[in-house]
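Structures are listed in the sections that come next.
Look for subunit A in each of the two complexes below; its partner is subunit B in the first and subunit C in the second.
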Partner chain A sequence: MRNLLAIYGRTLTAIICLMVLFWVLAMILVPQIAMLHNSLWWTEKSGDAAAVTLRIDALYNDIGVLELDLAAAGDDEKAKITAEIESKRSEIAELESKEVSARRVYGFANYTRMSALHFGIFVKTMFFSALVTVLALIVCYPIAFAAAQVFTGEKAALLMLGLVVPYAINELLRIYAWLMILDYQGVINSALAWMGLVDFSKGTAIPFLQSPGAVFAAMIYAYILFMVFPIYNTLETLDRNQLDAARDLGAATARIHWRVAIPHAKPGIAVGCIMTFMLSAGSYSVPQIMTRGQGGDWFSQLIYRQFFDANNWNIGAAYAFTLLVACLVFIFLVMRMFGVGIREIAR
Partner chain B sequence: MSTAAAIGRTPVGKISASGRKWSELLLGAYLVLFFVYLFAPLLVMSLAAFNTYPQPSITQWQGWTLKWFGALADDQRILAGLVNSVLIGLGVIAAAIPLGLAGALLLTRVEGRYNGILYGVLVSPILTPGIILGISTLVFWRNFGVAGGLLLAGTAQATFIASYSMLMFMARLQRQDRTLEEAALDLGASPWLLFRRVTLPFLMPTIATAAVIGFLQSIENYNTTVFAIGGDWTLVTEIGSRFRFGLTPVINAIGVIFVILTIIGAIAWTILRQRE
Partner chain C sequence: MRFRDFTAVHKTDLMVNAGEFFSILGPSGCGKTTILKMVAGFLEPTEGTVLIGGTPMTGVGPAQRPTALIFQNLALFPLMTVWENVAFGLEARGMRVAERRRRAGELLDLVALGGHEMKRPGELSGGQKQRVAIARALAVEPSVLLLDEPLSALDLKLRHHMRAELRAIQQRVGITFIYITHDQGEALTMSDRIAVMSQGRIEQIATPEELYGRPSSAFVATFVGANNVLHGRVTSAVNGHLSVDSPLGPLRARKTDGVAAGQETLIFVRPERIRLDPPPTVENRISGKVVRRELEGAYLQLEIATETGQRLLAQVTNADESVARKIGESLSVGFNAVDAQALPPGPLAVER
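Now for the complex of A and B:
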């Protein structure tokens, strides 16, 4: 702190500290705490309270109808309708004052009430996200190694260009490409029909989009490159002489990777795994596009529904917090597994 | 001893030479396959933008057309979404760059006991699922009566885009020659002058890079935005909602434009990197 003060003086140091404080508190920590807090309470309504809510809704409907009447009514009826609207308004005001006093109850019920169906969806989401991560790691390691160590100069630059372009193209459009491929009348079914394996007129084409495999396929495609770049970044710093030395000493290719390259790439592998898993588990875009609201839900869609369809923010917050904890556990496990710290992870 | 080593090495060298040729061939084939996997779907998506057939398809081909690009130019919701995206993007840069810079200055210039924790907290938005950032921002600001919209979407995005810019600033600051600042102080420069004339010019290239990357991240963001956008929409959330209702090759036309812009941008980026 003294260092900062000595160079930038009191005012600038204060501004820097205040900005970081705002970022940490108002943007990172307190919003998460607010979400956690929301997940720990719910409003309890007795049978009466539910009836009150229904009655209020009915009254609002009546007023809407009366207002339409009012616009169409003649002068003699206007006064009568206006009076009726007024009386309904006052009844609403009275009922709403009662409704506000619905009891707020604290507890863990938002978590424990998760139905077996929803828990199954949670498990499915976690399972496929882990599978995406493992597959991406296996597929991407050779690519990252080739880009970082095998090719040089023009070839390496071209390879990087080929990786950057699909990486930078919008996520939704990349997923959309797979929708077109796996759609009922999409590329694969059309190819199968052309080969005479399926027949659209007989309805024997394969409904890919109804299986979770479609979401899985699009997820791999959407997030696979998030595995390549972190591994590439660490492998690029590996001195090629180390690989040559290992080879000269007679180590087989597999052994060179296992004993030299992979240990060096550990932080990159850890970051790649964390990013891929986190993006897959928290992806709303992939299931939303691939299921188009018709296939089975994924966990992110359940959260969205709680917030914007069911309008139950408390359960939505509980589900969101569950997802956050799952990701934290994954990050912790990966850090333990690869023996890397947070400093090495986010560079 | 040396002859023994030479004798021992020759056959190994021979085997590995032919073995390397094979493994290079195998690697080449693998790379070709991987790039087909990466680009073929994008080709399918782009091609459908030029098909007359009103559903996005390349298998029901009814002739070439450019009409979907015309329809795109007339699509008011998409154009309004683009304007919203640019507005949010500019706002996010304005917030995220100063925040990221402040965080980087604090972390590189202060050797405190809690540095590790602060670092962990400041990079945590990168490791948090995007939907969580959107939700927590939405839930938090509701307490102050702020509903979902452009402002909250920008706030939620700035939370993690600031983390990315902070990492870029930290990398740059670690290469800074501190004696320059000390010399300026010795010559009697005020802290403001020092910051404006020494620190900022040194950071300028990083500020530019961070601004471009932050702007692109903001425009492309979907998962965070969709939770915090409320009744408003951006280009990307509008594309997202078209998959439920009214999916036409107009979306593919947007795709073609994105692909072309990305290729141009990536080539420019590669050339710039080569020059460095």
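Now for the complex of A and C:
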């Protein structure tokens, strides 16, 4: 603090502190606490009180319908419909005076009441995200290695450019592109049909979109850079001579990677895995688009449905918080597994 | 060896004897590292063949060659312990853990690093890292050890110490060392033989004594050690002696092949062979003025300007008071004909 004051003076220090405070509050604490708070309560009503509320809802619905009728009706019927609306209005007023507001109850039920089906989806999502992470690692390590160590100068720059260019396109469009590629009458199946391997008229085309692999493919494509760049950054700092030295000492390619390159790239691999896992586990658009909302849900879709379809924000918050905790656990596990500290991750 | 249009090493015939400490000496960019990489197998020569122990190495990768390379920056594996570093080559050969651990211990004892097995390279001093690199290279029992300026990163004192140590290790293990350096001091002190390179060509291959005493080209004469250069034209060549007409007057020099009467020549005289107030038996005498004097402690360095403007460097042992000279003092210097080497004109080593 004293250092800050000495370097930046009073005004700038105050600005810096305010900005840090704002960041911590607005970006970290307030949203998470709000989410956590939401997940810890729910509303409860006794049977009779609930029936009253349902009745009021039904009456409001009826009035809505009647008002539509009124607009369409002839003059003779208008009076009748108006009277009916009036009677329903008075009934609502009477019921509403009796209605008791819901009780807010605090507890962990939003977490513990997760159904077996939803828990299954949660486990499946964790497993699939881990699988996407592993697949992305397998795809990205050779790319990162090639860009960092094999190619030099212009070729490496072109390779990196090739990786970045697709990211100039909106994420949704990129996912739709994969939809078109993998669709039943999409690019791949059309190519196969052209080669005579499948026949649309006989229905032998391959239904790629029905397998989780389609989601995996789109996800790996969507998040490839988040895996490539951290690994590339660490591999770029690897002294070429170490690779040559290992080779000179008689090591085969696999051993050179296993003993020299991969240990060196560990912090990058850890960061890449964490980012890819979190993005996959939290991805809504990829599974939604690739399965057209028809395939098995991912947990992120489930959270969305809780918020916007079931209109149960409390359960949604609990699910979202569960996902957050699961991701934190994953980060912790990866850091333990790779033996890297928070400081190396932050780099 | 060519890279696109650039020829890094011209046609070269080089024979290194088994068990020899052989140095390749040259300024940076002369192609010495390229030769080393061709021997190690990281580069395939564009033309010609590398043979090790009589076996052609064409198509044999660095992993399979009986060579081990010590890199300029050593390239130790920073994430492995010292013993794992040393045993890496054995690991690659599929040796069991216990066995390679024992072997690593032996090698570390050989380079006087016993007890440091569990450390990481980062915890060692420069000289210790050097020794780990040597042990790691020796572990694979190469028939040729290639060293790419491994001492250049060390400070002066350690460098001098490691010279002696490298030589001692080489004599203990008895394998061929090919040592790349731009430091003539290193090459002269350690080597059995030295090849001097310039611009992709080998200028001379000789023992240190021969190289220093009888350089075969103007480049070698000026690159290895300091030399005074005098221009002149040969007037006669008789009985191994040359008479040379120079701006400083007639000079006498030792005859070398390729220098004949009527030709332009360069005469090289080592600063330490230039004598102050020469006795009458000394054949060449020149008078001049001291323009610079540097006392190095054990010896005194004088720069002398002759009447023609030619500068001469003289190095005299600080044996007694008689060598003391002041700047601006006139003096007479001289050198014997046997100490003056006449060579055909050619490019000189540029001071860096």
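Methods note: the second predicted complex is superposed on the first by the 278 of 347 C-alpha atoms of A that agree within 3 Å, B and C clash if a C-alpha of one lies under 4 Å from a C-alpha of the other, contacts with A are read in each partner's own complex, and residues count from 1 in each chain.
Following the convention adopted for this analysis, a residue touches a chain if its C-beta (ideal position, glycine included) is under 8 Å from a C-beta of that chain, and two chains touch if they have at least 3 such contacts.
Predicted, not measured: the structure shown is a model, and the values here were computed from it.
S.K.: With both complexes superposed on chain A, which partner does A:N241 reach: first (subunit B), second (subunit C), both or neither?
M.R.: A:N241 sits against subunit C, while subunit B stays out of touch.
S.K.: For A:G250, using the defined touch cut-off, is the partner it touches subunit B, subunit C, both, or neither? Pick first, second, both or neither.
M.R.: So A:G250 meets both subunit B and subunit C here.
S.K.: Given the superposition on chain A, which partner contacts more residues in subunit A: subunit B or subunit C?
M.R.: With both complexes superposed on chain A, more residues of subunit A are touched by B.
S.K.: Touch test for A:Y184: subunit B only (first), subunit C only (second), both, or neither?
M.R.: Neither subunit B nor subunit C is touched by A:Y184.
S.K.: Which holds for A:I331: it touches subunit B only (first), subunit C only (second), both, or neither?
M.R.: A:I331 contacts subunit B only, not subunit C.
S.K.: Name the contact category of A:M27: first (subunit B only), second (subunit C only), both, or neither.
M.R.: first
S.K.: First (subunit B), second (subunit C), both or neither: which does A:Y111 touch?
M.R.: A:Y111 sits against neither subunit B nor subunit C.
S.K.: What is the contact status of A:W41 with respect to subunit B (first) and subunit C (second): first, second, both, or neither?
M.R.: Touch partners of A:W41: none, neither subunit B nor subunit C.
S.K.: Using the superposition described at the top, list the residues of subunit A that contact subunit B and also contact subunit C.
M.R.: Dual-contact residues (subunit A): 247-248, 250.
S.K.: What does subunit B use to touch subunit A in their complex?
M.R.: 9, 12, 16, 19, 23-24, 27, 30-31, 34-35, 37-39, 41-42, 44-45, 48, 56-60, 98-99, 102-103, 105-106, 109-112, 116, 118-132, 135-140, 143, 155, 158-159, 162-163, 167, 171, 181-182, 185, 190-192, 194-195, 216, 220, 222-223, 226-227, 236, 239-240, 243-244, 251-252, 254-255, 258-259, 262-263, 265-267, 269-270, 273-274
S.K.: Any idea which subunit A residues touch subunit C in the complex?
M.R.: These residues of subunit A touch subunit C: 239, 241-242, 244-252, 255, 259-260, 263-264.
S.K.: Could you list, by residue number, the parts of subunit C that touch subunit A in their complex?
M.R.: Touching subunit A: residues 40-42, 61-64, 67-69, 71-73, 75, 77, 79-80, 88-89, 91-93, 136-137, 139-140 of subunit C.
S.K.: In the complex of these two chains, what residues of subunit A are touching subunit B?
M.R.: 1, 3-4, 6-9, 11-12, 15-17, 19-20, 22-24, 26-32, 34-35, 38, 139, 142-143, 146, 150, 157, 159-166, 168-174, 176-181, 185-187, 190, 221, 225, 247-248, 250, 253, 274-275, 278-279, 281-285, 288-289, 292-293, 300, 303-304, 307, 313, 316-317, 320, 323-324, 327, 331, 342-343, 345-347
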